[in-house]
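Structures given as structure tokens follow.
Paired with chain B in one complex and with chain C in the other, chain A is shared by the two complexes that follow.
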Partner chain A sequence: MNEVKENMAYKPQYGPGTSNVAANRRKQMDPNQKLEKMRDVTDEDIVLILGHRAPGAAYPTAHPPLAEQQEPDCPIRKIVTPTEGAKAGDRVRYIQFADSMFFAPCQPYQRTYTECYRFRGIDPGTLSGRQIVECRERDLEKYSKELIETELLDPARTGIRGATVHGHSLRLAENGMMFDMLQRSVLGEDGIVRYVKNQIGEPLDRAVAVGKPLDEKWLKAHTTIFHSLGGTAYRDDKEYVEYVQRIHTLRTKYGFLPKEA
Partner chain B sequence: MAKIERTQKLFLKSLKEKFQGQDVQSETTEFYKFNGYHQSPRKEEFVKASRAVEMDRGISMYDPVRCHLGGIPLGQRQLMTYEVSGTGVFVEGDDLHFVNNAAMQQMWDDIRRTVIVNMDLAHQTLQKRLGKEVTPETINEYLHVLNHAMPGAAVVQEHMVETHPGLVDDCYVKVFTGDQELADDLEPQFVLDVEKLFPGKQAEALSAAVGKSLWQAIHIPTTVSRTCDGGTTSRWSAMQIGMSFIGAYRMCAGEAAVADLSYAAKHAGVIQMASHLPARRARGPNEPGGIGFGLFSDIIQANRKYPNDPAKASLEVVGAGTMLFDQIWLGSYMSGGVGFTQYATAAYTDNILDEFTYYGMDYIKDKYKVDWKNPSADDKVKPTYDIVNDISTEVALNGMEQYEQYPTMMEDHFGGSQRAGVLAAASGLSASIATGNSNAGLNAWYLCMLLHKDGWSRLGFFGYDLQDQCGSANSLSIRGDEGAIGEVRGPNYPNYAMNVGHQGEYAAITGGAHYGRGDAWCFDPRVKICFADPALKFDFAEPRREFAKGAIREFMPAGERSLIIPAR
Partner chain C sequence: MTEAIYPQVRIVSARFLRPDTVEQLLNRLVRIGGILRMSLTGQNLPATVPYGPARGKPNPHPDRKVIRVGDQDVQLQVQVGTVILELEDESYIPAIEEAVDEVFADKDFSCTVQKGRFMKTTPTVSDYAKYGPDADREILGLVDPRKKGGPVIIQGNK
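Let's look at the complex of A and B:
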């Protein structure tokens, strides 16, 4: 994990805003703040949900371990310490999330920023209905465990979905679950959500429990999305809106008259 | 920014129709019980039709049960109908794909098969170089000959093949001029009468701009431009013009002076509807990627029919533009498949963009005293950073709040790019109509995008975000290859060439700046006059209504082939 060195001249601010939403965003992004652990999911269960390799199977490789292959004389390689997955020559694999706009604890750009601050050697991609992060496979499994076990995930309103991700903007099902055409995860009568298919939609040999959905009060207190119905209205965080306006105006000026920027 | 009261919600009727028996403000619903694609009569029709095709050709085809996601067909949630905005007509989403919609096809056909050609140079050459007399009578005779020849008939040679008039009935030529005296001397069947077609002030401005010159509005056969391409239009037209001059004015076909006439009549004063594209896009003139936004806003005629409603006029450009630029140009010329249609239709269905835009109209009237129902250059607001930011922010925030407060509307526009395009279009239109400045409108668009992204922590897809997160910087730049005024930007503008959900809206933002000022045209008065023609197959004053007619199978297009194929 990354740590912000105290002797750095620049101190990250992790975004503007006076609202609770803005504060939640900053907390998630700041690697010096520990994310609250909400559930236990075993390493084997993480591997099952990801669906990239069978539990216990060796990591397939894209190249020999770095120690065994001839590395070019490259100053960048001397500066950057490879991750464990890169050292071993792992394949690059992914985990992808769909986050409900009904107060899921994390949201696509927020996920990307958070991952960039907290993880190394990653390649995130951000869309409206899904967010993917790619990296070396053993690194991915380590990062996925944090992404799944902590406050970044709600079992009902966060989906782990490789394809057919549709659901982030739809009304919730009457049991509180976000729509998933493939119904990869189901809410049991015991109130526990279990994955019965891996993220790409292939049935699992056994269900993987990810815990109980978080309650509405907790979700609204920890949400990172502005929402005028039941949450914090965007317009109420004036500092945030003015910050975006300022960025826009500076970019506009720079586009045609850089000296004024 | 300050929220204003607006009790009317234009989208409510659509939502209530689409989600019948449900509370449109509820946050929950039921899924997985709708019996898949069977809930859609149109998709049932597709399956039936496909079975017949398979029996006939012996090759498998449409099979949603087997082929959609390993056996899970579409329709695990409710498949919605759509109201084409401003029409009250509900249609199946499938029927807004251009393959299933004859009106959409014809709109593009009517643009692609059009070229405008000047007559003054030809008349001067006839008079000065060839010693021919040119009078209203000779012009009428020439137009008779040309309307014989343009569809594909011979006028000079003997023993020539010709086209069947029943197959090319959409092909004809009319003329227009700002010289009302000349117009009155020509046969009415051939004249686009500016005074009759346009409201008084618009007619006056258009006539003054065109002056005494005489122009031909030429529409070659739909079938020809479909079989060939947009680049054919001026060539087909040029050949028939040349032969008609020779025939009508009794000229020698081989005389050297005819070369002068050929150039003057066929090539010297030609207005294509679209410029040709660079080799990497590999299209000739009169193909969608080369249509400038200002010119497109002149093709669409809603501001002629609704001069006191610049919002509606702009929304019609959005509908026509997203259909042409998103569904046909990017969706099929440059890419493929059906996803672009699902995306593009959000901007012209269910009155959602309409509602957001009229909120913007109420806002600019309330805060800036812009009397938008009486378009004029006099009450336009100075496009300062503060004012553009204010209008854009308020319209963007209002739209986001509407999506939040009506979860069924969020479900209707279930893709982030749909919402982003609609919100930014409303912001851009509000700013451009308020200021009369198309670049101010574009600037408002980009602020909306940034606000949207930060508010909901999401925007569109990768490429969408690429374009919109760097757009602020090019919105007011007019340096070569880095910017341009909105009127001369187009689908091939460097930063606009890549993705769906923008180009139709940009065209409307450009148009809105002029509609809000009460201008008679945006970029070219001749194009505005040409497409005012009531004889065109597609009514360019009502594109969304025409699309609705196409969707319910009531639009009759050109391109008839039943005359030359076996009876069914």
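Let's look at the complex of A and C:
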């Protein structure tokens, strides 16, 4: 886990904005703030949802462990401590999320920022409707656990989807679940959401429970998505708009060597 | 394709519908009568996984169901979000609005009935290029005319 160094020349602000949404964004990004734990999912469950290896199987490797191989004389390798996965020579694997526009607790850009501040040795990919993060397999399992167990995930409005992610911008289903063509997660009669398929859509041997969907009130209070219908409108957060306009102006004028007044 | 004289309505719900709600709604609409054509639209629910590492594997989906409308079985292939109707004349519209209100009365989301033109009236150049001159004009613009299995015909209203 990363932590902001005490002796840094400046204090990171993480993001602009005076609204609740902006505050939520900052909270998720700030590695010194602990994310609220919402549910318990076992390590084996995580391995099942990810679908990269059988639970209990050894981690397949892409190269011999670093301790067993000759490393070139490289100054960067001396500075950077390898992660556990890199040390063991694990394969690079992924987890991908789709977040509904209906007040999901996180969203692709936010996920990437959050992960970059909180995790090491990752390669996030941000798209409009989905966000993928790649890293060494055993690191991935550790990070996935945090991404799934904490307030970054809502069982109904967030989908763990390796492929066929379509659904983030669609209407919700009657029971409040985000549309999923492969129906990886199902809302049971008892109100608990269970994954019945892994992230690429292969049926699981047993269903993996990820808890009850969070209620509308909680979602609206914890969302990191501006939404003019029913939520906080982006243009109501003057500070946020001002900041984005400033960045936009500066990068447009960049070729003319701008100087701020 | 359709003759421009027939009025059309579109039933749009704020949420995607469960198969049993669709069944309930359609049966209520069929009882009103006066419907010439009906199209259920929404997100496709494929029978096999369309892409990704699991491509081609079966895709069991609880909402891909056969529902019974009137005297016919209808295989749902989409998660129904919108129902488009073509009517004999405008006098059926108030009854349709009433039926929709009745079906959605106990739901916690709304559903609206819109009047307008929702089906194609003339084939486009792209339609001609894709389907040729002999495409079935009755279903062109609603579904792919090359699709096997024609429309479901529900009789017994007259």
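The definition used in the following text is that the second predicted complex is superposed on the first by the 256 of 261 C-alpha atoms of A that agree within 3 Å, B and C clash if a C-alpha of one lies under 4 Å from a C-alpha of the other, contacts with A are read in each partner's own complex, and residues count from 1 in each chain.
What we mean here is this: contacts are C-beta pairs under 8 Å (C-beta built on N, C-alpha and C of every residue); 3 or more make two chains touch, one makes a residue touch a chain.
Remember, predicted model here, so these are calculated numbers, not experimental data.
**Student:** Here chain A is shared; do chain B and chain C fit on it together or clash?
**Tutor:** Partners clash after overlay.
**Student:** Which partner reaches more residues of chain A, chain B or chain C?
**Tutor:** Touching more residues of chain A than the other partner does is B.
**Student:** Contacts for A:203 in the overlay, against chain B (first) and chain C (second): which applies, first, second, both or neither?
**Tutor:** second
**Student:** Quick check on the superposed pair: does A:18 touch chain B, chain C, both, or neither? Answer first, second, both or neither.
**Tutor:** neither
**Student:** Kindly classify A:186 by the partners it touches after superposition: chain B alone (first), chain C alone (second), both, or neither?
**Tutor:** Only chain C; A:186 stays clear of chain B.
**Student:** Could you say whether A:81 touches chain B, chain C, both of them, or neither, answering first, second, both or neither?
**Tutor:** The answer is neither, since A:81 touches no partner chain.
**Student:** In the overlaid three-chain picture, which partner chain does A:244 touch, first (chain B) or second (chain C), both, or neither?
**Tutor:** Touch status of A:244: first partner only.
**Student:** Contact-wise, after the overlay, does A:162 reach chain B, chain C, both or neither (first, second, both, neither)?
**Tutor:** The answer is second: A:162 touches chain C but not chain B.
**Student:** One more residue to check, A:42. First (chain B), second (chain C), both or neither?
**Tutor:** Neither partner.
**Student:** Is A:173 touching the first partner chain B, the second partner chain C, both, or neither of them?
**Tutor:** A:173 sits against chain B and chain C alike.
**Student:** Name the contact category of A:33: first (chain B only), second (chain C only), both, or neither.
**Tutor:** In the superposed model, A:33 contacts neither chain B nor chain C.
**Student:** Which stretch of chain B would you flag for clashing with chain C, going by 20-28, 110-118, 344-352 or 488-496?
**Tutor:** In the superposition, chain C collides with chain B along 20-28.
**Student:** Using the superposition on A, tell me which residues of chain A are in contact with chain B and, in the other complex, with chain C.
**Tutor:** Shared contact residues on chain A (touching chain B in one complex, chain C in the other): 164, 166, 170-174, 179, 181-183, 201.
**Student:** Of all residues in chain B, which touch chain A in the complex?
**Tutor:** The contact residues of chain B facing chain A are 1, 3, 26-32, 69-70, 72, 76-77, 385, 389, 393, 397, 400-401, 404-405, 407-408, 410-411, 413-417, 419-420, 443, 446-447, 450-451, 453-462, 465, 470, 472-479, 482-483.
**Student:** Applying the document's contact rule, which stretches of chain A touch chain B when the two form their complex?
**Tutor:** Touching chain B: residues 25, 101-102, 107-110, 125-129, 164, 166, 168-174, 176, 179, 181-183, 201, 224-229, 233-235, 240-241, 244-245, 247-249, 251-252, 254-256 of chain A.
**Student:** Where on chain A does chain C make contact in their complex?
**Tutor:** Against chain C, the touching part of chain A is residues 162-164, 166-167, 170-175, 179, 181-183, 186, 200-203.
**Student:** Can you name the residues of chain C that touch chain A in the complex?
**Tutor:** Those in contact with chain A are residues 13-18, 21, 43-46, 49-54, 57, 59-63, 79, 81, 107, 109.
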